[in-house]
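Below are two complexes that have subunit A in common, paired first with subunit B and then with subunit C.
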Partner chain A sequence: MSALTTTPGGRGGSSDARDLKRRWLGTDRRHNLTGWAFLLPAALLIVLVSFVPMIQAFILSLQTGRGTRLEFADPLWYNYQRLLGDEIFKQTLGNTLIYLVIQVPIMLILAMVLANLLNNPNLRFKAFWRTAIFLPCAVSLVSYSLVFRTMFANDGFVNDVLTTFGGQPVNWLGEADTARFVLILGLLWRWTGYNMIFFLAGLQNIDRSTLEAARVDGANALQVFWRVTVPQLRPIILLTAIMSTNGTLQLFDESWALTRGGPAYASMSVSHYLYEVSFQRNPNFGYGAALAYVILILVAVLAFIQMKVGDKRG
Partner chain B sequence: MKRMTKVATAVAMTLPLALIMSGCTSDTGPSEADDNTLTVWAWDPNFNIYALQEAEKIYQQDHPDFKLDIVETPWDDLQTKLTTLAQSQETSELPDIFLMQNNAFQKNVINYPDLFSDFSDSSVDYSQFPQAVADYSTIDGVNYGIPFDSGTAVQALRTDVLTEAGYTVADFTDITWDDFVTKAKDVLAKTGKPLLSGQAGSSDMIMMMLQSAGASLFDADGTPTIADNDALEAAIDTYIELVDAGIFIEVNSWDEYIGTFVNGSVAGTIQGVWIVGSIQTAADQSGKWAITDLPKLDGVSGATNYSANGGSSWAVSSNANVELAQDFLASTFAGSTALYDTILPKSGAVANWTPAGASDVYAQPSEFFGGQPIFADVVAFGADVPSNNTGAYYYEARDAVSAAITKIIGGADAKEALAEAQSTVEFAMG
Partner chain C sequence: MAKRLRGLPGYLVLGIWTVFSLFPLYFMAVSATNSSQDVLASRLIPGTELFTNIAALFAAQDVARAMGSSFAIAAGTTVLALLVCSVAGYGFEVYHSKGKDVLMGVLLLAMMIPFAATMIPLFQVFAKLGLVNSLVAVIVPSVSTPLLILLFRQSSRSFPSEILEAARMDGLNELSIFARIYVPTMRATFAAAGVITFMMAWNNYLWPRVILIKNEVQTMPMLIVNLSAGYVTDYGVLMLAVLLASLPTVVVFLVLQRSFANGITGAIK
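Let's turn to the complex of A and B:
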């Protein structure tokens, strides 16, 4: 009773109850709860659709057996042990890492350079160049893979051009190194434009005065690019690097449609091998799930490293 | 204005929900819609699907309300569909009947018995099919399929090209591979045309050579016999010789392979007799082809001039209108000489069903093949084809051998590559 008659702002013990009530339903708390209320449906959906299957897949990777008759393996990590002795898995892992190490840096550097060129205020027909470089991304993965496959066939367009200029036709898809090269070429063609758009957006945020200051200080174009522009693009570089790493490690469409795993598994990616193990051979879904988890661990580790190295915010 | 925005908001909230609800239609299973309709999944419009259409007409003579709903599904897609449906236990999406490669039958029945209905209660008389072929779809003594076409292998050659080089088909009949290589090199030198082609990395050719010598990738117990297999090594050596000499052209896809002989850049092929349907699509080459048996492997005991590749059987799914499906199949593919007479000339579907083989149509000369009664010849070949062991892991073994061949062509040591293939298969067998 006496709490109601205390003066407002009083900090005596008798006003504790009202203070408590105020703090419980205070603005901060209410804002938090409102935020959570809005996030909850989406969060629940993500948990149900993404995280629950992830846990189920992990449990699946601990099981072994034929078809639908799966039971827990003995020892539990039998599938992972099996992975270590699987020659084809090692081959596909090697292939995927080759794609990662070669394709991603080239693509990102190319995208940065192109974005920088396109950001030049004096460039004519900017809209045309932008569209032309971005258009490959709008093409379906399967369509472009099939077209590349036809182009690099033994009697395809590329060999035609080579022979017209006096060269020898190359068996592009029939040899390990050239098959991987064609795949990397396809990836570069398709994804450079996509990453370029990110860099273009990032470049809009760079203050022109920093560039002018550098030029006034006597830096040439290359030094301006390398020492002023790139450090300011750091967050975008981190973003595209992580996305590209993620995408390349999970590569499937090109490996399937362009080279079909290449001559004797020489250009097959881990995801493609997963598909083969699960659907084409005698289905062993437990083993396939273990393969999927290896990819997950690889992506997680690499993303973590990249964040540690690239993110100044720590 | 406020009322408009309220109405607009209300519509915007309910519209997506309504659209989502309309998307959730309940599935009508294939046998629910109509008691007289059967759904079939099969591949190859010129061969299997054509046969189904003719079978439908024949069955409709006695059952006018009958309808067959044919869905063209390439074999690779069919296999993955079956695996997906079985693994997710959605067997209600299965068709009534589906076609299955003989080599894959064991694997599918052993892994996913839930997909199939067996034929124990049907009216099919299995004594009318050759034991070796019916065995592909028999597991533990129970029949799960009706054998359809035979995969007896033939050597098809362009007679005009041979004549240009001074040879006839008789020069390529009952010979050995050494002999073939010599003559084919001569033909290549004189006419510029190779005699064979095939998909790179596919082991069809080698499998046919292997089976012609009565050997397999597995022994009778199901143990892989890839390493230390003399017949296999001889087959691979011969294959490499063919490729190196330019007699065998390797292409990168199935369509390219068909294209090589249809547009005349290659003057022959060795394949299952079902290739005749594709050869005959080149109408401008009519009268210029002939069929003969295969060359045999040198230095291998048990080598013959006969082999097989492919061949498939009809299976009835667990989700089917079983009575109707089995009656349809029993009356047509296991009961109608008229059907086989119709489909034989146009598609080359040589039956396994013995009563069909006795028909006159088989002895009829084929205009496309210069008047040769090819089907009578093929049936005669078929009787001498050695049987082979497949088992559930056949495709793993084939893939491993294909990979080994690619490596050997690239310069690896044959024994090492095959030993690696053997360990890959043993690994895949768990």
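Let's turn to the complex of A and C:
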């Protein structure tokens, strides 16, 4: 304990080497403890708002009952068993996977192409393009959802344009496929610029001479992009893919505000269904928690697969 | 000439995406000044209905209160998050040890926990504490985030250890070194972290939706969704409300765009 209270700074004063050594060890230990004290509030908060609730949610997923009157289910895995037979769950999980499989690859390729164009040193008005493409990130998810909902309303802007050019108006939010299409379009609008920023940061770390060398060797722009730029962006592709997968599996705001899950459950995301089960009509926390665990496991498994695939291509 | 034409497809792609990117925002801004009928008639030029829409919006919803709640939540989250996460990021890097690396690894795992998986127990805990409908309950779960700690840890690497040693020689205690030397030199990191936290907190929807049950207590994102939930929607009024809900974050974005970009990508550098 005395080591903890020794003050540092007496470096020149002591002639005893052992004493000096002990003092420095003491300072190190004290600094180490100071470090732990600095971490404590942040670490404690993360444990309390993430890890503890995660464990509680698992326990909850083994319980049944309405509201606060919960008891352990018989069998314990009853909620998970029920999920397997839940058609709405399958539908909403399917919708979410459709968004994932269609939207994420298109978005990442677009983001990479746009970043590559912006990285051209001869490009003019660079700041303008960058700001314009990045700007949608400043708008909240429900805000843009409502703008898209207004533009794609039955008698709204998009149908006006269609009829002006001699087309037929489309019931965008009233049909399953078109509702999903509008939602994917919205996701592309909101997140492409966001991911582009990551690719731009990655491109700045690429040695320009590798690109020049490829060009001298007679590669055209597309070949340079595909064979030289893309492989060097691999860590960024992996990162953005994991982030986007994670985000898509947790998709809620757009499903809630843009399509309202409809028609029926045709465009509802699995997180939206989780909210409905847990907090609307007859709240069923146990069943909701089981649903949440499916999302948690999917996030973990997909991140794991992506990391494995990302590693192998090296 | 040939060289100029070579860049043309690039400008075309950028141009198309820029139009796609800006049009919904233009549509929102212009529609805020038009009547609902004009919005549906796709009137794309500014109209004269702005003040009618403002009057209708303020009559239908307590906008001032929602704005106040949103500001309180965003500002409160930002201040607390900067405090807690900067101290932690600094602690991880400056007092580096094996045990702390292990802890950081564990905390990073929290990034992979979907909010959905913690939402129900969090609601139960805050309900037990009597904090349903309280802004404190909205703020607390977003104060400490692995992303922000990582951001501060990474940028602490550039904090010169000579300065640290010199300050210790001068007899400054560890907390004053952090407060008086580290914080001022890391202004750029604080700006980046502040911008992303403010924008995330302002735009957050799901958790406030869960924990703020009473109709009177709502954030701006909640207000605009409520506005659109009625059987008949006044699109001019709705777009005005969306504009008001977006304005603070858009302004922050336009002024501090560089910080925002550094904030979202900073942790990976």
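Simple rule for what comes next: the second predicted complex is superposed on the first by the 270 of 314 C-alpha atoms of A that agree within 3 Å, B and C clash if a C-alpha of one lies under 4 Å from a C-alpha of the other, contacts with A are read in each partner's own complex, and residues count from 1 in each chain.
Note that in this section contacts are C-beta pairs under 8 Å (C-beta built on N, C-alpha and C of every residue); 3 or more make two chains touch, one makes a residue touch a chain.
Keep in mind that what you see is a predicted model, and the values were worked out from it rather than measured.
Enquirer: For A:Ala153, select first, second, both or neither according to whether it touches subunit B, subunit C, the two together, or no partner.
Expert: In the superposition, A:Ala153 contacts both subunit B and subunit C.
Enquirer: Name the contact category of A:Ser140: first (subunit B only), second (subunit C only), both, or neither.
Expert: Second partner only, subunit C.
Enquirer: Just to be sure I read the superposition right, which of the two partners does A:Leu114 touch: subunit B = first, subunit C = second, or both, or neither?
Expert: Second partner only, subunit C.
Enquirer: Comparing subunit C with subunit B, which touches more residues belonging to subunit A?
Expert: Partner touching more subunit A residues in the overlay: C.
Enquirer: Based on the superposed arrangement, let me know which partner A:Phe225 touches: subunit B (first), subunit C (second), both, or neither?
Expert: So A:Phe225 meets neither subunit B nor subunit C here.
Enquirer: Between subunit B (first) and subunit C (second), which, if any, makes contact with A:Ala201: first, second, both or neither?
Expert: The answer is second: A:Ala201 touches subunit C but not subunit B.
Enquirer: Between subunit B and subunit C, whom does A:Val299 touch in the aligned arrangement: first, second, both, or neither?
Expert: The second partner, subunit C, only.
Enquirer: Could you say whether A:Phe285 touches subunit B, subunit C, both of them, or neither, answering first, second, both or neither?
Expert: A:Phe285: touches subunit B and subunit C.
Enquirer: Which parts of subunit A are touched by subunit B and by subunit C alike?
Expert: Residues 149, 153, 155, 278-279, 285, which sit in both footprints.
Enquirer: Sort out for me which residues of subunit A touch subunit C in the complex.
Expert: 8-9, 11, 31-32, 34-39, 41-43, 45-46, 49-54, 56-57, 60, 110, 113-114, 117-118, 120, 122-123, 129, 131-144, 146-151, 153, 155-157, 160-161, 189, 192-194, 197-198, 200-201, 236, 239, 246, 249-250, 252-253, 256-257, 271, 274-275, 278-279, 285, 288-289, 291-293, 295-296, 299-300, 303
Enquirer: Using the touch definition up top, name the residues of subunit A that touch subunit B in the complex.
Expert: Touching subunit B from subunit A are residues 64, 66-68, 82, 85-88, 149, 153-155, 173-176, 263-265, 278-285.
Enquirer: Which subunit C residues qualify as touching subunit A in the complex?
Expert: 7, 10, 13-14, 17-18, 20-22, 24-25, 27-28, 31, 39-42, 84-85, 87-88, 90-92, 94-97, 100, 103, 107, 110, 112-125, 140-141, 143-146, 149, 168-169, 171, 174, 178, 199, 202-203, 205-206, 209-210, 221, 224-225, 228, 235, 238-239, 242, 245-246, 249-250, 252-254, 257, 260-261, 264-265, 268-269
Enquirer: Which bits of subunit B are touching subunit A when the two form their complex?
Expert: The contact residues of subunit B facing subunit A are 76, 79-80, 83-84, 86-87, 89, 107, 110-112, 114, 200-201, 250-253, 256, 392-393, 395-396, 399, 402-404, 406-407, 410, 420, 423-424, 427-428, 430.
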